[in-house]
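Right, one structure below, let's go through it.
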Amino acid sequence: MSLLEISGVSQRFGGLLALIDFNFSLEERELVGLIGPNGAGKTTVFNLVSGFYSPSEGEIVFDGRDTRGLKPHQITALGLARTFQNIRLWNDMSVLDNLRIAQYHRRGYRLHDALLRTRRYRAAEKRIEVKCRDILQMMDITDLAEEFPKNLPYGLQRRVELARALSTDPRLLLLDEPAAGLNSADVDGLIRLVRWIHEEFQICIWMIEHQMKVVMSLCRRLMVIDFGRTVASGTPEEIRNNPDVIRAYLGDDSL
Amino acid sequence: MRAGKVFSVIALAVFLVSGTAQAAQTIKIGFPIPLTGEIPKVGESTKFSAEMLKEEINAKGGLEVGGQKYLLEFIYEDNEAKPESAVNVTLKLIDRDQVIALVGPQSSRQAVPAGSVADDNETPLISPWSTNPDTTKDRPWVFRAAFLDPFQAPVAANFASKQFKAKKAAVLFEISNDYSKGLADNFRDAWEKLHGKDAVVAFESHGPKDQDFSAQLTKIIAIKPDFIFLPENYSFAALIVPQARDLGYKNQFMGSDAWGSAELMKLCGNACKGQYFSTHYAAAGATGATKEFIDKYNKKYGYVPDDVAALTWDAVNIVLQAVRQGGKVDTNVRAMRRLVRDNLAAIAKFDGITGSMRFDSQGDPIKCAVVVKIDDQGEFTFVESVCP
Amino acid sequence: MQRHTLNILMLIGAVGLVTAAYAGLLDNYTLTVLMFMGINIIFASGLNLVNGYMGEFSCGHAGFMCVGAYTGSLLSAALFAGGKLFGAPLLPPELAPLFFPLILLVSGLCAAVFGLIVALPSFHTRGDYLAIITIAANYIIISIIENIDAIGGPRGFFGMKKTINAMYDVADLPWMLIWVIISVVVCLTLLYRLVTSTGGKGIAAVCQNEIAAEIMGVDTNRVKITAFMVSSGLAGVAGVLYAHVYGYVNAQAFNILKSTEGLVMVYLGGMGSMSGAVLAAVAFTLLVEGLRFAIPALNDVLHTLNILPADFEISQIWKWVIIPLILILLMQFRPEGFLGNRELTQLFPKLKRWITFR
Amino acid sequence: MEQFIQQCVNALQWGSFYALIALGYTLVYGVLLLINFAHGDIFMVGAYIAFFVSTFLLSTPEPGLSQGMTLALTIPATVILTSMVGVTLERIAYRPLRRKGAHRLYVVITALMCGLILENGNLALLGAGRKALPELLEKHVYTFGNIAVTNLKLWVIFTALLVFVFLHLVVTRTRIGMAMRAVSWDKFALPLMGIPLDMVIVFTFVLGSGIAGLGGLLFAVSYPVLDPYMGAMTGWKAFIAAVVGGIGDIRGAFAGGFLLAFVEIMVAAFLPSTFRDLFAFSILMLILWKRPTGIFGIPATTKI
């Protein structure tokens, strides 16, 4: 069974068709890219998968469950996490707290446990703390634990956001343009990091990226969309030589 | 941050250090009154009236008690028209300033809780203006100077049936003011007793601080009542009466004692002329002590005193009479308070400017009401007097 | 041991206060002001949860205080006082000290249920639009109470006096002071535990970035409901204490002015700072009461120095000019309140050595 | 039916005042996202200024000014003086805070405090006595069947409409008006238009407070009982009106003012008036529930 199965999904905003008959499936532990020109509908796909929008048509099945009608946090609890194109960290909280809150749905205690500090509460908070520290260590940002994200450089903010997404215990990680705004040295670091995460955490990663270097070196499978329509899908090699893709990116005249 | 710290330290210091000083041979009376908040005019009138009395007596060398003269010291505290502040300042006056008696708070919303702590702390309190029965009920230390709603409402009802030959009455009152609401309720009962059920054709209310009453008045006027009863503060009456005229209402209005302010005519103008209201005294044609009081007040502050000022004047005088009857000023404040309270309860007859009165077992006054007419000169002229 | 210093100091302080009150060393005025301070602390720190931590603008919080005050008074009257409305008291007066905490709890819960009314629209609308909904709720609550003549309507309600007397009959202790101190400690502890738990930090996450919170697995609707209910519940507890300290409640005592007092305390202390809210509540109460002494003193000083003309007096009326003036100046010096969104321990890390507040 | 028409006239007049004050709230909010809670008290100050100006003018020595002349002079004087009060508040209280980068709610609380100072300062300086505006306009009552209208009411409604049209033209047709709208979109792009931000803000306060002053004058003429707290409750209600209309939008403030007045008056008229607040505010709550950003408010779209 596939981890994620999107079949016949369309999305309409008023009169605008943002996504038309989108079909896609992801297997466990894959690393796949989604590319396309600006405004092609890539982020719309992610918003649909993460439950921020509900599809006008079609169905999305994550891990055997139809996610239509579920709230984003419920989908996250099923094992889906994402990062944002423009970083959305909680800027007035420490990095450690950012990671802790990502464990909200796994805290495993209720309000009265917190108020009465029951044994269950203490065990859970301890578990959460250990887990967050682990992730910080793995991501090599232990020394940032008490920093506020707003004081960090852009590259580190990206890393913290990735750490936060990992802290939700995902099985599928959606990365929305992780390389945007990074310089070329950082981009190389990012490529290594994503590959390492993919192997270390044994999770499935699906990423939107503009920088060909990133997707071409990371992904074994790519999908191209334009104006809400699927243009092509296949290995990086196939995509590179697909005339439809070139037309989508460079316009009709180039042929 | 530093400014905040420094300030709180200073405030704390002032708060702790001051207030405990004992003055020697003065008679201290406390006034927890609403100087700010919703009804500042009430506080101002109280203060003006009390100041005038104090200056008058102190100019003569003080109050003579048991052959010795004592200066009066009046302490005015702002209760901000809030119940919690009323309790706080009442306690401050009792504990810190060691007053022998309290005059005020005026409005029942503050007088009920303040009366409770005065009673607990065995300090006599007299509220000049509060009309809520709960203020004095089962509280031996609490008295009042104003008559109660169950007395005043029938006075208005009887007068209106006789004078206007009215059958259908409409009532407009302020919902969140217990004075207004209490009088309205009692009036409805009295009127229905006189003219049968449904004789009150409209029973409408407005909120605090409202300025436009056109909705309620349009509704009332459409039913064509014989007269409209307005148990309102004069500031509302001065808005309601002209607005009703603008909406084409031609019949009479009848008011209550809270109309009795000289400002009424300044604010209301010609529209209020010819209307009646029940009150404590008629300013025009007043004689004796009443006239003297009105003239003095008018001279000092530039306007004819309102009911609050007159009732305060009487309330303070009652307290002073009780002090005189005690025959001595005990340096032990607690003993002095008991002396004052016992003499207050024992007063057989007090001739005040708002009429002659004595207290019943609950500390409520037994006194007459008068009905006055606003004549064409805008003066409040005597029409009749009703005694219980 | 060192870490417990502050706790022990606070314990000694509380016991000392109660003993002093018991021995009659503190007069009633000081006691009432101290209790009022406690009520303000609970009210302000509760409101801080919604207005500070969650970043909403709840403008009508006194409405919940009103609900709590009336529920508490009615319960207390029904249980121990009886009367026209309730018939005979339901419980013997000896049980009053045992049942008072229950009254606090039930009334707090009742206010919390009203908090739901405000929490529900907050799913749709936020910020200044929500402010209006809370104001509307405040008006509606007052309007309802004023129209129920059975509980006094605009006359207000009293009858809880007997409950307090019943407590004095059981044991001659300064009961209300004890209850206020216990409530302050319990409420602050619960609040602290809530905001430091991972679940409670979701509240701040909703404030800082609601979309990220939802997508990172925070059940934002649930968080909002929790925050509103806890906050209004605390306001309710403050209301019950108010009703019993002053022995009287009136709907108009909880109008929009009371709500704005709460706002002032929250923003003066700093949004999202618990110690800030406590400090601000203490400072505000001291300011209001301290000026009663400071103004006559100032008046005397100015007259002795002949700065003021003899017939001009600075009376208590000026108090409500001076208070806002001071607050405006404070805001100019500290444009984010006393503590910003930090706690005292964050500003003075050395304090941590003395504190084990959990 | 006649009663209904009469109530509509009542609501139009009362709504005019709400609209005039709500316009001030919404103008300032549109530019600064600041709820200027002192606005209701600026309205009160306007009424008092009108009182002092007209009393002063009427007391000029013989031959003196006629009523009409006095009114003609009082209007501009009130508007100018009141707008100066508004601008002063902005300069001494709000601007320094804004410069320090304070959270906007701190400015809101400062505004609240400024309102208290205006109210209680007035009380402390002028005493608690209420003031009555001298009659500046002879009142005529016109009756049509059972419907009664005064010339005052017609003037009030007419003025409110005029102010709305004037504001609408200012905001859509003039350069500074367009700059005002631009600020609410993007504060940093404004200097590109060649207009300094502070000038736009001052202009906004001049407009808002001037209209409040005009409202205060009309109010004093229609309800001639002035007291220091008269603006507080009306101010809160007008703020509610501005929000229900969709705060930040001029049409919204105007529509909201009339809507609130209609709701209040119709509830009082056709339901028991003792429950007025209960029903009126429940209706407003429902409206905001259905339209969470007010009548003219644009739903905030978040892009991720």
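Letters are used for the chains, namely A, B, C and D, taken in the order the chains are written, and counting of residues starts over at 1 for each.
The rule is simple: contacts are C-beta pairs under 8 Å (C-beta built on N, C-alpha and C of every residue); 3 or more make two chains touch, one makes a residue touch a chain.
What you see is a predicted model, and the numbers here were worked out from it, not measured in a lab.
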| query | Shared touching chains for chain B and chain C? | reply | D
| note | Per mean C-alpha coordinates, the chain lying farthest from chain D is A
| What whole-number Å value describes the gap between the mean CA coordinates of chain A and chain D? | 49
| Between chain B and chain D, what is the gap in Å from one C-alpha centre to the other? | 35
| Intercentroid distance (Cα basis), chain D paired with chain C, Å | 33
| query | Which whole number of Å gives the spacing of the CA centres of chain A and chain B? | reply | 72
| query | Tell me, which residues of chain A touch at least two other chains? | reply | 52, 84, 88
| request: Give me the residues of chain C that touch two or more other chains. | output: 142, 146-147, 211, 315, 317, 320
| query | For chain D, which residues are shared contacts with two or more other chains? | reply | 120, 123, 274, 276-277, 304
| remark: Seen from chain B, its contact residues with chain D in the complex are 36, 38, 40-41, 43-44, 175, 203-212, 214-216, 218-219, 222, 235, 238-239, 245-248, 263, 266-267, 269, 303
| remark: Within the complex, chain C is touched by chain B residues 1, 3-4, 7-8, 10-12, 14-15, 18-19, 35-36, 40, 76-78, 80, 82-85, 87-89, 91-92, 94-96, 108-109, 112-113, 116-117, 121, 132, 134, 175-178, 181-182, 185, 208
| request: In the complex, go through chain C and note every residue touching chain B. | output: 27-30, 32-33, 36, 142, 146-147, 149, 153-156, 158, 161, 242, 246-253, 282-283, 286-294, 297, 315-317, 319-320, 326, 329-330, 333-334, 338
| task | Would you mind writing out the residues of chain C in touch with chain D in their complex? | result | 51, 57, 121, 124-125, 128-129, 131-133, 135-137, 139-140, 142-144, 146-147, 211, 256, 260, 263-264, 267-268, 271, 315, 317-318, 320-321, 323-325, 327-328, 331-332, 335-337
| Residues of chain D touching chain B in their complex? | 2-3, 6-7, 10-11, 13-14, 120, 123, 127-130, 132, 135, 139, 141, 143, 146, 148, 150, 153, 219, 223-225, 227-230, 232-234, 264-266, 268-269, 273-274, 276-277
